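In what follows, structures are represented as structure tokens.
Look at the two complexes coming up: chain A is in both, with chain B in one and chain C in the other.
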Partner chain A sequence: MSKYDSVLNKYPIPDTIKVEIKEKLEELKVTKKVAGEVAERCYRAYLTNLMEPGEAAGIVAAQSIGEPGTQMTMRTFHYAGVAEIDVTLGLPRLIEILDVRKNPSTPLMTIRLTEEYAKDRNKAREVANRIEATYIVDIADVETDIRNLVIVVNLDEKALKRKQLTIDEIRKKIEKSLKTEVVEENGNLIVKSEPSYKVLMDLFDKLKKLVLAGIKEIRRVIIRKEDDEYILYTEGSNLKKVSKVKGVDFTRTITNNIYEIYEVLGIEAARNAVIEEAISTLEEQGLEVDIRHIMLVADTMTADGELKQIGRHGVAGEKQSILARAAFEMTVNNLLDAAVRGDRDRLSGITENIIVGQPIKLGTGDVELITRYTRTKK
Partner chain B sequence: MSKVSLQNHILVPVHEVLKKDEGEELLKTLDIDKEQLPKIKVDDPVAKEIGAKIGDIVRIIRESPTAGKSVVYRLVV
Partner chain C sequence: MVSKIKQPFPFEYTRFEKARIIGSRALQIAMGAPVLIKGTGKGPMEIALEEFERNLIPITVKRKSEGFVWLQKSDYF
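This part shows the complex of A and B:
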């Protein structure tokens, strides 16, 4: 607790600025009186730098994101950056974020482990095995024996060992999921079927799609050491299931699928994820956009408590003005629907007032002056 | 696995339900109606966890990269 705290706390300025001023004051070791003067001046400077009421913050944000956006790579660009996993970057990724795609083209998770598992590579591997989807073809050669109408599963012992699975576990899993008899015969598994060729082929297809271990959506897991802990990167994402896996530190596990974050962690986490993903996409392309613009966009997307996309099915499509919606996309449909319903445009927004040629409620147009007439006798 | 609070997650800021008189005072100082606040759904995972009901106001304390600590409010709908 510094002696300057009491001076600074009188002013409603953000914490980061307070910290900065305090540091400087402490460095200069000024008296309380001087500190008060400094704080007063800083506060005044802060006020003059605030956004003014009626300023078109949304337009400024749109331009500030849109202009650098034109310089982004148009094609989907893959790179072998983080642990050789393909990641969508540039404009396609930005569009994905702002459109709130439920299935992004390259879902990716960053999974951090609990202390017990984070330090040891083998322990980390153990967790990875619990997460990574394992199919029968990953650990065995599968053949159909048409003469005897059975499927022969020739297990690869090395792969089994790496995946930390036993033959018996697999046998039980197949038996339970496919509801058929499975017997072990000198290291091979024989899956029996009804005496019908068609049933056998169906069974064969089902067996190939069967997830023996792990989570279906997680196609690949890569273990990397960062600083002094092992971190798992995955191709594919399923936050809900991964968070329940033993050894996963749920509080530090994230995904790039923003909709999933919204469903599992709620609206505020989704807002943070939108900001985080958007700014890192822009930064990766070498574009510097002030985070405040992105924050405004994220606030708009999450204002109603649900994650809405910017665009026809979200923010722009839910404007109350018919003219504003018609000016954006699907002009004829919007006008026709409005006419059928007998809607009324209250001309309270910006776009519709520009269309009809009236002054808009922005800047000086937003204030109305009232003069109070008082006749004073002299 | 023991149940871990969602609010411990790095992406989730602190949420708390406002008491009735706190809420009224807030609306008075801001000079707005309840409906003008941003919303949070009752079935939002975090809202469920803190036991917020429809009509409640939730205080959210964010770690903002620009302002340090920033306090915002959402109306539960």
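This part shows the complex of A and C:
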């Protein structure tokens, strides 16, 4: 408890602002009286920055994001970002975020490790091996022996060592997954098949697709040293599985796949992810949009407890007004379906009232006047 | 933790409410309503504005608890 708490608690301002003011006050070590003055002024500033009831916050947000959006690159722009990983940027990425794509074009993860593993490169490599998907072609040459109808797997010792795998492990893995007999013969693995060419080829394809170690979705892992800590950057993302891997500090691990965050961590985390991703996408393009506009967008996307996209299948498509939906997309379908169902439009929103030519419930349109009987002196 | 003290909102009316009140009053005056202030040579807008400044207009706003306008003159928030 700081001595400034009692001063600040007099004012109904958000906790985050209180914390900020408190930090600054403690840094300056001012007296209680001065602190009171500061809090008062901060409160005034806070009030003048509040939006007035009736203001068109959504439209202001739309314009504030849309205007700098026109300057974003229209092309799908990939760049060699952190350690040669391709990242979708600019407008395509922003669209991806607002559409809540389940499979974004470039899923990435930033994985931080627990203390035990973070300091040592070999230990970090160990975790990376547990995460990165390893296929048979990464560690061996695979050939089909048509005369004997077997597949010969010529293992690469070096690759095996780097991946920290043993021949026996691989043998068991293949045997279990393909349900065939596998024998070891002077450093090679012989995968036996039924005496049929077709079965052999099928087996060969299956073997090539088999994930021997790691997580299927993680295509590549890059280890980088930042400060005195090794961090893993991955191409591909699977938050659920990565969080269970030994050595991963789950609390400091992030993905850019918002839908995955929503599924694993819940709606509040998803909201924060939407804000974070949208802001960083805009910032990367050198555009400055106030965070509150994006927070409004993120709030409308997550307000119902599920992550909805902005668009036909989400926020715009679930509007209760027929006219508002028809004005957005698929006009004829919407009107026809509504007519078949015998729907009513209650004309409670903005769009529908503009369509029918009525004053809208915004700004002066939302003010209801009544007679005042008492005359108060100012 | 948040203390429930009454803090008046810094303004009595929002700018929309102010505009609406003055607008309605100016319309009344333009259509021949009795004027509540003295002085000549002013248009209905100026008269309405001055009446508003001096708090003479017998019009106020009705706020709905469920509507967009939710702040009372002194409110917790």
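The working rule: the second predicted complex is superposed on the first by the 335 of 378 C-alpha atoms of A that agree within 3 Å, B and C clash if a C-alpha of one lies under 4 Å from a C-alpha of the other, contacts with A are read in each partner's own complex, and residues count from 1 in each chain.
By our rule, contacts are C-beta pairs under 8 Å (C-beta built on N, C-alpha and C of every residue); 3 or more make two chains touch, one makes a residue touch a chain.
Here the structure is a predicted model, which means the values were calculated and not measured.
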Note to self: One more residue to check, A:265. First (chain B), second (chain C), both or neither?
What the structure shows: first
Between chain B and chain C, whom does A:228 touch in the aligned arrangement: first, second, both, or neither? neither
Problem set entry | Which superposed partner A:115 touches (first chain B, second chain C, both, neither) | neither
Task: Go through the superposed model and pick first if A:27 touches only chain B, second if only chain C, both, or neither.
output: neither
Exercise for review: Please indicate which partner A:288 is in contact with in the superposed arrangement: first for chain B, second for chain C, both, or neither.
Suggested key: neither
Check whether A:168 is in contact with chain B, with chain C, with both or with neither, and answer first, second, both or neither. neither
Residue set of chain A touching chain B in the complex reads 14-16, 18-19, 244, 246, 250-252, 254, 261, 263-269, 272-273, 276, 291-292, 295, 299, 302-306
In their shared complex, chain C is touched by residues of chain A numbered 9-12, 44, 47-48, 52-55, 361-364, 366-373, 375-378
In their shared complex, chain A is touched by residues of chain B numbered 1, 4, 6, 8-13, 15, 38-41, 44-47, 60, 62, 64-70, 74, 77
Listed in rising order, chain C residues that touch chain A in their complex are 1-3, 5, 7, 9-10, 14-17, 19-21, 23-24, 54-64, 67-71, 76-77
